[in-house]
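See the structures that follow.
Presented sequentially are two complexes of subunit A, the first with subunit B as partner and the second with subunit C.
Entry: the complex of A and B
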């Protein structure tokens, strides 16, 4: 009797969250998946007006130069930005965890700070202060140290904008991953390092043979999070080219936004199915990164 | 021998100082950026272009202008409504559910937990198109309710996942004592378990609040009307109109208004936030 009572309680407790989740999360996810296989004239078309086209939407996207360009952009950000973010955040985390520095928690707190600031504000800071060609930080800095050639570079001009965005985006993400790695490194027993020192291991040996293998789980989830974020990049691209999406900084999500909602200046097809296909492609990339990371690191481990 | 040791000490000292220099430079850059923006927000646009911040004195005109002329006040209010209503809704929905999944055996525990973990890996854009379509059919676009619903739906998986571990760690004796005393399961939950789990509930609410406060993409789609915009969209619309207005100092004032609340929360609670960053802490 008591057990049955508890079960009913459980169902009543789970029910509201589950209903919202089913209606506003799970159902839309499946609907987007199905929609990607249909031609849908406008986004609010009822399901009866959808025309089944199989994988035509995907074929169209992979033939569209602009979409391929957007994929290439996020891929470069994922790869190069990833190398920047992971090398800096791993070295910062090991400095903060393993040296007997003072002010450790102060550094950690300040380096993490950009992550709680809205990306819109952050990207605005970079483009309208850091890279600004008249009064910007780089301009003043290079003028101050006497390097006029560097000071005169227009970082926000079409030639440099992608590189500038890549650097700004990567640097703004360091703090998050650093704190994640710190948490993981702190749980490594220090006895391991002591005995390695006695055996004559140097700092590099210790880093690659003890630290990295022992924080592998954190690195795995960090790679998955980085992949989802980098491929789904939106805000930075929009702030760095606020009026029309420039091919230079376009990302798949920007392409999707203009295709579905925007005043279509560069993307003119009217087919909401295409937008859904882009969502599916981004999700598949996220899933793929998860599988790949697990496969790759498992083989290495054993 | 001594010489070698001496060399080693010098090298160690060098690396030690280098570490401080690297860390301090990085922090200094962050500090300069935010500090400069703050000073610029108190200057005039021509001061900014002359490279002499605060040349014409400290003036709060930009903030006044932002709040009065540029409707930043409305945006600010909207941001507060969206973030706080969603956060409260999430607590009310997710804490009973997480409690039930964590502590009551009813066969579905494991499946439900797995579904929520899987859902955490699904990019948020997957739910945007159909919800927009449905909302458009029901004429609910440009309605605060629908945006809040989307925010709640997006954060349910993470919130439940996070709270399950908190409810799991509460000792069973409390519940048993409550049942023996004749407490109904509902009262047992709200009067005993909920307060005991409050550290976890507060932490997850901070994460959710910051994440929703800073959210951009969904708001851009569901709240395009001026009166419904949150701060992030308001700032972007200001940037777009900068082509005509050239109001740089006003824009910097808006940047400060956007980041002040989260920085304020962060200064008070940074320890709590940092100690809880593990996989999937803050999803954009």
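Entry: the complex of A and C
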């Protein structure tokens, strides 16, 4: 009798959360999956107006140079940006954790600072105060040090805008991952380093043979977070190309937005079904990268 | 218990009394394409407040969406939200939201207080009414135009005067001659930014072979057509002669129009909305001028074939108050408020009930009656949205001298 009541009580308590989960998570996922197989003019179109197109949306996407370019862009951001972000944040974390330098907390806060500023504000700052071709920081700096060729580079031009965005985006992420790595490094017992020193290990040996293996779980989590962020990149691309997308900054999410709501400049065709197909592709990529990370980094705790 | 019941009833009674006057009013909900802080938003708001003061039985609720209305309106309408009227570009209202809209053909044949005893359709710029009808599937009118615009060269009259240019150019050769004189002053004649730089090439090809060809070019990929190479070579020559600002390579929207406003370049191909957009940078004393994109030798299209249009008001077909809403729109688009909205936002009036013409756009007064063939934005070069970003990147490279005309064609054929 008591067991029966316990079961009922459990169901009563779980039910609200379950309903919220089903409505807020599973239903949109299911609907998006179904929508990806239809032509849907606008996102709020009645389901009775949807036109079944099978896998046509996916075929269109993989034939679209713009979509393929967007995938290429995020892949490079993920790979090159990831290498930049992780190498800098690991170096900073290591210096701030193990060195005897003063004002460690101050520097930690300073490096983390970009993360408390809105991405919109940060990206705008980069465009208007750093890359601006007349009075931007790069122009002033290279003019000051007597490098006119570098000073004259138009950082927002089609040839450079991808690199400019990649640098700015990477910079804004260093602080977040540095804090993550710092927390993990601080939990490593100092005795390990002391005994390594006695055995004659230098700083590099300690970093690669003690620090890295012992923070592998944190690195694994960081890669998963970075993958989700990089493949879902939207705001930075939107600020670097505020009206309509351009090849140098387009990302899959921007392309999805473009398909959902049409062009900002002209009245163009819209297809929410195509937008849903992009969501499906991004989900598959996220799942695949998660599996890949798990494959490469075996669980340290085992 | 009884006491509590009496107090509660009295409270409900007082509450219903306080709201009583409002419930008798006809409530009209307007979703605006402007932000409240924009001059257009301020002007429309003032016009609506004036209307409400003259019609105490009507209450208008304004919801300022800004250009986000392009994303927010349709889901709201699909979900049955009460929105009596809204505004946006006349092409967008008619093509995208026409199915939600009230047919206005009968309304515009009526005479209203502010139409000088004439039917409403007779006081509104005719070409805009025709344009609105041309966008609808059944040839009916589904939106009322206001704030007309044309897409042409906005220029700095002071620089033109100092360069000794007495007459605005009408042909490509005259245009090049004018550019040479401006260049001699040490000022780059033409500037642009990434947003609509495609127009320089799109208009040029359209002047050679018409906008239908431009649209065919970008949808069917006819990049081998010799006219496309010729148009690109014309612009390559302009770049090589130093007639295009070197800043176009990195100008992000809205940098180009600000370059013009600061007097650092003399011309900018864009809409008549530019003076209002950069008024804070340019200042009231800036001497604005406008002239159409010049004709080209051997071209099919005339001087007054160009992109034009307007913003527009559209009424929900399910509104409870169609007559009242249209009456309000007449109030906004004729007489005093047509003039005030134009005046406060450095735009143009739409009706002949006002003799006012914005000083900064004086040159366009003669252009509206002469408008020829309608061009889509940028001459039609943007109609294939899959290709537009690639065209844009390569037009920027062409206009900044990073690639030649031949390389441009080769890039576009990839």
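Here is the rule we go by: the second predicted complex is superposed on the first by the 261 of 302 C-alpha atoms of A that agree within 3 Å, B and C clash if a C-alpha of one lies under 4 Å from a C-alpha of the other, contacts with A are read in each partner's own complex, and residues count from 1 in each chain.
Basically, a contact is a pair of C-beta atoms (placed from the backbone, for glycine too) under 8 Å apart; a residue touches a chain by one contact, two chains touch by 3 or more.
For clarity, every value in this text was computed on a predicted model and none was experimentally measured.
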- Message: Given the alignment on subunit A, is it a clash or a fit between subunit B and subunit C?
- Response: clash
- Query: With the two structures laid over each other on chain A, which partner does A:157 touch: subunit B (first), subunit C (second), both, or neither?
  - Reply: second
- Message: For A:242 in the superposed arrangement: first (subunit B), second (subunit C), both or neither?
- Response: both
- Name the contact category of A:194: first (subunit B only), second (subunit C only), both, or neither. neither
- Where does A:92 make contact in the superposed view: on subunit B (first), on subunit C (second), on both, or on neither? first
- Query: A:14 contacts which: subunit B (first), subunit C (second), both, neither?
  - Reply: first
- Kindly classify A:186 by the partners it touches after superposition: subunit B alone (first), subunit C alone (second), both, or neither? neither
- Determine, under the contact definition given at the top, whether A:46 touches first (subunit B), second (subunit C), both, or neither. both
- Message: Can you tell me whether subunit B or subunit C touches more residues on subunit A?
- Response: B
- Query: Now for A:205: first (subunit B), second (subunit C), both, or neither, which partner does it touch?
  - Reply: neither
- Considering only the stretches 185-193, 203-211, 221-229 or 275-283 of subunit B, report the one that runs into subunit C. 221-229
- Using the superposition on A, tell me which residues of subunit A are in contact with subunit B and, in the other complex, with subunit C. 43-46, 134, 242-243, 261
- Query: Which subunit C residues qualify as touching subunit A in the complex?
  - Reply: 67, 70-71, 74-75, 78-79, 89, 91-92, 95-96, 194-196, 247, 249-253, 376-378, 382-383, 385-386, 388-390, 392-394, 396-397, 400, 402
- Message: Touching residues of subunit A toward subunit C in the complex: what are they?
- Response: 42-46, 64-66, 127, 131, 133-134, 154-160, 240-248, 250, 258, 261-269
- Quick one: which bits of subunit B touch subunit A in the complex? Just the residue numbers, please. 16, 19-20, 22-23, 26-27, 30-34, 36-37, 40, 48-51, 92-94, 96-97, 99-101, 104, 106, 108, 112, 115-116, 119, 121-123, 125-133, 136-137, 149-150, 152-154, 156-157, 160, 179, 185-186, 189, 210, 213-214, 216-217, 220-221, 231-232, 235-236, 239-240, 243, 248, 251-252, 255, 258-259, 262-263, 265-266, 270-271, 273-275, 277-282, 284
- The subunit A residues in contact with subunit B across the complex are 2, 5-7, 9-14, 16-18, 20-21, 23-29, 31-33, 35, 43-46, 92, 95-96, 99, 101, 105-121, 124-125, 128-130, 134-135, 137, 140, 176, 179-180, 183, 218, 221-222, 224-225, 228-229, 232, 234-235, 238-239, 242-243, 253, 256-257, 260-261, 272, 275-276, 279-280, 282-283, 286-287, 290
